[in-house]
Amino acid sequence: MSSLWLPILMAVPVLGAIVVALLPKGSDKAAKQLTLAVSLVVLVLTLVMAFQFPSASGERFKFEAVYDWIPSFGVHFGVGVDGIALVLIALSAVLVPIVVLASWHDADGVRTADGTLITPKRSVKTYFSLLLVLEAMMIGVFAATDIFLFYVFFEAMLIPMYFMIGSYGGAQRSYAAVKFLLYSLFGGLLMLVAVIGLYVVAGKGTFMFPELVGVIQDPATQKWLFAGFFIAFAIKAPLWPVHTWLPDAAAQAPAGAAVLLVGVLDKVGTFGMLRFCLELFPEAAKAFTMPIVVLAVISIIYGAIVAIGQTDMKRLIAYTSISHFGFIVMGVFAMSQVSQAGATLYMVNHGFATGALFLAAGFLIARRGSPHIADYGGVQKVAPLLAGYFLIAGLAGLSLPGLSSFVSEFMVMVGTYSSPAFGSGALTVAAIVSAVAVILAAVYILWMVQRALNGPTAEPVKAFKDLNVREVAVLAPLVALIIGFGFFPKPLLDVINPAVTQTLVNVKVDNPAIAEKGAGQ
Amino acid sequence: MTAHYLVLSGLLFAIGALGVLIRRNAIVVFMCVELMLNACNLAFVTFARQHGNLEGQIIAFFVMVVAAAEVVVGLAIIVTIFRTRRSASVDDANLLKY
Amino acid sequence: MDLYVPILVLAVLAGGFAIFSVAIAPFTGPKRWNRAKLDAYECGIEPTPQPVGGGRFPLKYMVTAMLFIVFDIEIIFLYPWAVSFAPLKNDVGSVLSSGLGVFALVEMLLFIVTVLVAYAYVWRRKGLDWD
Amino acid sequence: MNGVIEAPTIEYGALAPLLLVFGAAVLGVLVEAFAPRYLRRAIHMPLTLLSLLGAFALVIVTVVKGDLAETAAAMGAVAIDGPALFIWGVVLILSAVCVLMINDEGHFVASAAAVPGSSEEEEAEAAGSEHTEIYPLVLFAVGGMMLFPAANDLLTMFVALEVMSLPLYLLCGLARRRRLLSQEASMKYFLLGAFSSAFFLYGAAMIYGFAGTVSLTGISKALGTSGLLDPLLMIGLALLGVGLLFKIGAAPFQAWKPDVYQGAPTPITALMASGTLVAAVGAVLRVFWVGLGNLDWNWRPVMWAVAALTMIIGSVLAITQTDIKRMLAYSSIAHAGFLLIGVMATYDKAGQNSGSLSAILFYLLVYSLTTVGAFAVVTLVRDPGGEAWHLSRWAGLGKRSPVLAGVFAFFLLAFAGIPLTSGFFGKYAVFTAALGSGMESGDSLGGWMTGLVVLGVVASAVAAFFYVRVIVLMFFSEPAADGPTIAVPSMGTVAVITVALLVTVGVGLFPQPVLDLANQAASGLFIR
Amino acid sequence: MTHVLAADPTLADFGKDPLWITIIKAVMLFAFLMLGILFGVWYERKLISRMQNRFGPNRAGKFGLLQSVADGIKMGLKEDIFPRTVDKVLYLLAPVIMVIPAFLAFSIVPFGPMVNLFGVQTPLQLVDLPVAVLFMLAMGAISVYGVVLAGWSSRSPYALLGGLRSAAQVVSYEIAMGLSFVGVFLFAGTLSTSEIVKAQAGGGEFLGVSMPSWFAILLLPSFLIYVVCMFGEAARIPFDLPEGEGELVGGFQTEYSSSLKFALIMMGEYLHTFTASGIAVTLFLGGWRAPWPISLWDGANQGWWPVLWFFIKFALTFSFIIWVRASLPRVRYDQLMSLGWKVLIPLNLAWIMLVASVRAVMYVRDGTFTDASLVPVLVLAAIVVIGALAIWARFDTVNQRRKEARKAEVEAEFEELSNEPAAGGFPVPPLDLPHYHGVQHKEIPSGTN
């Protein structure tokens, strides 16, 4: 039984990338349009698949497809999605076309209104084919049910992103790119050791995830392998103290790339924690919960506080994301139905919210040519539309009730607060402490908004044009999603919950009661 | 009584090795290497006598051949360098650095 | 080992004689100092002092030396071959050990062919010419 | 000499590939002797290439026929077993590829005897004269490379070692540009190489003293019977190790590698970096697994330290390099370290381990081909004064010729072991083998091996840094105004790069066929 | 092998002597060599002068027999000059290094069979080794060190070049000589001189024909080659290039003025001549065995008689060397070298292959070799032999032709230039002297007048 959905889903962008790369010189426009078309096709396919999901067969993973890849290593090309993977794949499928639109002009030399060059002219075809390759890999990494395959995508994803940052980013791009690559590579290699170790210790001669769940019993071994995986993921989903690459990368990357970086790539980290760290090494996960939650809380607070101090828009957004990832990690390791469902939901919403925020900021910067908040002011008088979208995105960032991120953040906190996973009230404390971040979030977002949008109109800002059609087309759907899921998160939760339950079962957290309540939410 | 020969060959080998490490004239260094090879020959022949089989003596033949080949190649190289730099000192060959 | 004792004895005799004659030479002869005598003899022209460690000489000699080494080694291989090629018979004529036989012939042919190839190369590269 | 002398027997059929290569080399010498100057290259090129390919074909035939002898050929001197045949195949491919590069104009000096910068040199260059001896020399070296890993007794191994090295010593000194460097490299390589082979020989003598024989089989038998702490044995082990580790350029015997790689003509560097390494690793395996397999508890700790040191030194010193060839040299040192991890992974009752053997063979194949490709690219980036050796000259190459830079970047990523390149699977295979053998042993070894693998991972992370740095240089920095020119590649070079690229990509995506090959070769293990 | 006698010593008979017998034998040999030198010098000079219709030495003693004694005393009484520049130690060491091996080389030459010496049965030969001939060659090689060191330590260009030249010559001819022995070993199957002598006792049968016993006849080419090499090794005319009075003022021994050191060097060279003759007798001329007609008498090869036969053969060989000196001029150095390298070596190799093949045939016939695959091998051998000869013939002639062509060119040019008006054309050196001291002269461009 193997369905072709996921292979096709990954093949389409790859083919698209090849075609785009092979286009004759000077056909930049064609390249852009083709890329957009391809990404839209992928989006459509994803949605169709998503709607078939509930009815599709397969208990844990649906749309499974397993082919032998390297028999002598026991490696398969195994793909399949559960609820968690599905929503994340959907997230990437949604974001890519938006990013394509958003970075329409990124590659052909971005000029501000007064004609100062922000990023020089670069090869357009390369940029967009890299984008498509990246999309294929993002889908692959979430869909992989073979740990080896997951690792391969996990590492290979770096390369296109590396080139996107390195060749198309801002002034500091090469520094940022190298920092990004080396951090991730290092983590990845540690994970490689753990992967090999898992393979050897399990001695099952296969990398298929389902067959490896619950195989490792010895706690000591579990701890070592867990560490290998977790460090890699912690670097990926920047968790304090290994977060330092993110602000640089996000600030230097072109807005589009930044969206994918923060919106999707980093989710691989939290996704990995949820899928692999927990289910493969439950004992270790429980043993390490406390320290990890502490780290999560630290990064929540730390990210928020540092964000307040930022003068650079993109860096600020990057730090807010660190804070948000703190929430997600906390939710994941609180190990209650609600918290994990919330965390998963948070991954999606954060993707939309931060994406919108980055893009809006990107449009501002594209007009002014400077990422410094101080250079703006009174934008809303000149470009009300832009200001409006920026505001909504920001509010989503501070998870205002009624906006999607509120739901998830609330679920995470509640879930953590009431998590019975550990008798002690430690998690409760953690939840309470993390609540402080809500206030801080209000501070950094609103202060930025106030400095950038309100107040007297700065001289260069007067020249601003408001959003054009393309840019509206970029922001509108995101805002729509934010608001939509803000009021009606159920469809997502319905998909997510069973998967989370399954996870908890594998982790052997015995609290059906909470599970019920979470499902009811 | 083969012990004496072994000690001798050991000494020769050590002298050769030290020479290679200490001496600076390429030709001398090279001669030290040859000395080491001869030490090997001595050891081989001694052991051949000790074990009462001919292998060691045959090996000595081959080692001689190799030594001869090394001489030819080595002298060619060193002479070329010498003609280029008018000096056969290993220290003067210092263009290749980290 | 005592095969070499006689050689040792002879060596002692010869060495004694040689060293003796070198040693007494200064005392038997007269001493008439003369600066010209102490110079290197170069048919009367001003002698060119050789640098310490010997003067430089034509590379040709080195080439010859190399060739000598190579061919001498070849000889080293020919001798044992020649000796063990013959079947070893005792005085009565019964065979103690059959020689290496035709195999040895083949191998030596190959060996000599190889050497001849190198030889031809050297020859063509004027390695054997003096002019 | 008394007593009955048995006339030896020689399996000419089994040795055919070897004999073909050597025969062609001898023939080449004859060509040098008798063919008129203007014909020589025209004769040499096909002769060399055909002999190499022919030998490869013979290897294939032997493999396909499949009935390998249980004992070593030529009175136990040459072991023609699975691994040996695999390595022969690899070496032959590599050398054939390198010959394509060697055939290009402008790599080799017009007249080696002419003093650099002298009028003779100018005349020689003006006359367009060239050293066609290069072809036979290469063939001899290749023959040595084939014999080295197949040698089943220490004498044959020593002879092979020299047959392999002596031509290379000479070839190193024949670079057309930067001749002083080239000659210096040649001399350093020669002196150090002779030094190390003397060590090897003395080690062999000691072991002969211990075992009464130099045949690896006999040695392992002797080890089986007698006490393992005989001083002769220990000394022999150590010295032998020195000699062999020098050849693969393992720390602390790696010093020659950067100098020689930098000075030598790039095609020769490619041949050394690929062929010599492959052959030497094969020899190391044979000596330590077949000959000293029962002794593994004595040499493994040392090997552990050496491997660790090699990886660290290789990857750390590479960061400080400014010369592209030196950088690649250090990277090859680091890779030698990774290979040594595999060499240690022998835990097995037989003292061998087919799993790690196939891993090593696989690694050798993919790594060496990538290396050749990388050096082939290096030959194409030219300055007025020859190849653009300084890294800074490579700045912005990505803008100047994206394809070439892309290919090179890909090779570098393969070195770094990024997934979906052949290099990744190579590293993966070796690491897995190491961990696996550690686990199997079920004793302290497990921990040590794990530690080594972690170290290897860290090292490759460090190594990744300097590979990435070159990529940054090529793609993310602006090209210099007077940047290097990209030579129009000859058919040969194009072929080289294409082959290397295809293998790197193909194996990166679908390693299974090659793995099968390696497994098949390794299944028989080394014959004893 | 009917001619083999109980008296024939074999390797087993050596190393058994009590020390005093050994000492006696050593002293006898030493004395023989010393007297031999004294006599030999006189004999050589006398013979040569006879051949040149002179009297030669006839003052000191009857027939001037004491001439060489007188010479020796004279040398002893001459001033022992010690040039300033020389490298003292080596300069003194060189003659010693030359003499000692020269003596030792002779120690393996057999003078006769087992004899009763003061009641002890002992072979009339100082010592025999399993590698006797090799030992002889080694000694010869060592004395080359003496030559080179003598030249080098003298610090004078003449000496240096002389030393190098003689070294080059000696080693070149050593190869040819060594190769010429191979044939002997192929037949004798041993390197020990006594055994070789024994092997020449009686010829074996080949294809029904009984073969001559002396290797000189059986292996004539080897013998001839050896005879040529003999002169090269001993640096005798026509190959006495090292001294080459004409060109090198005495060569490597230039700085050894005529004192005892010089005497030692001379002695060394003489001993080489002796050794050469001794080896010729032992390896090729049947050693101490009586030649054919005498050998019919059974007593001929027993007791002390063989010493006589040996001395006769030895004296004849030595006289032959002197005869050659009297009749041949000295060759040019390049001729010398090209003879050694381009003629003797290839001929030798070819000959060896031929001999080996013949031996193989013999063994196959008498069934020692049970190997059928002989024929293809012989074909191969034939190819090799012919190939070697072809290479040799072809390229020797090629080189000759090339040389001649070059000379012809030069002459033609010379001709043409000298035909032109003397003003231009042939460069006329101006008459001012500096030019003769190496200052280059201005060449007058042709065509100007």
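So that you can tell them apart, the chains are marked A, B, C, D and E in the order they are listed, and the count of residues begins at 1 in each.
One rule holds in what follows: a residue touches a chain if its C-beta (ideal position, glycine included) is under 8 Å from a C-beta of that chain, and two chains touch if they have at least 3 such contacts.
Quick caveat: nothing in here was measured; it's all calculated off a predicted structure.
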Fewest touching-chain hops separating subunit B from subunit C: 1
Partner chains that subunit A and subunit B have in common: D
Identity of the chain that, by mean CA position, is farthest from subunit A: E
Leader among chain pairs (count of C-beta contacts): C-E
Chain whose Cα centroid lies nearest the overall Cα centroid: D
Distance from subunit E to subunit D - Cα centre to Cα centre, in angstrom: 50
Distance from subunit D to subunit A - Cα centre to Cα centre, in angstrom: 44
Centre distance in Å when subunit A and subunit E are each reduced to the mean of their C-alpha atoms: 94
Subunit C and subunit D, separation of their C-alpha mean positions in angstrom: 40
Interface hub residues of subunit D, defined as touching at least two other chains: 7
Where subunit A touches two or more other chains, by residue: none
Sites on subunit C at which at least two other chains make contact: 72, 80, 83, 88, 98-99, 101-103, 120, 123-124
Every chain pair in contact, whichever chains are involved: A-D, B-C, B-D, C-D, C-E
Parts of subunit E lying in touch with subunit C, wherever the complex brings them together: 1, 4, 14-15, 17, 19, 22-23, 25-27, 29-30, 76-85, 92, 95-96, 99-100, 102-104, 107, 126-129, 134, 152, 154-161, 164, 167-168, 171-172, 174-175, 178-179, 181-182, 185-191, 249, 254-255, 259-261, 263-264, 333-334, 337-338, 341-342, 345-346, 349, 352-353, 356-357, 359-360, 363-364, 368-371, 373-374, 377, 380-381, 384, 387-388, 391, 395, 399
Interface residues, subunit B side, partner subunit D - complex: 6, 9, 13, 16-17, 20, 26, 29-30, 33, 36-37, 39-40, 43-44, 46-47, 50-51, 53, 55-56, 58-59, 62-63, 66, 69-70, 73-74, 76-78, 80-81, 83-85, 90, 93, 95-96, 98
Residue ranges of subunit C touching subunit B (in the complex, touch as defined): 59, 62, 66, 69-70, 72-73, 76-77, 80
Residues of subunit D defined as touching subunit A within the complex: 402, 413, 416, 418-420, 424-425, 428-429, 431-432, 435-436, 439, 450, 453-454, 457-458, 460-461, 464-465, 468-469, 472, 475-477, 510-512, 515-516, 519
Complex contacts: residues of subunit C adjacent to subunit E: 2-7, 9-11, 13-15, 17-19, 21-22, 24-26, 28-32, 37-43, 47-50, 54-55, 57, 61, 64-65, 67-68, 71-72, 75, 78-79, 82-83, 85-88, 91, 93, 95, 98-99, 101-103, 105-106, 108-109, 112-113, 115-116, 119-120, 123-124, 128-131
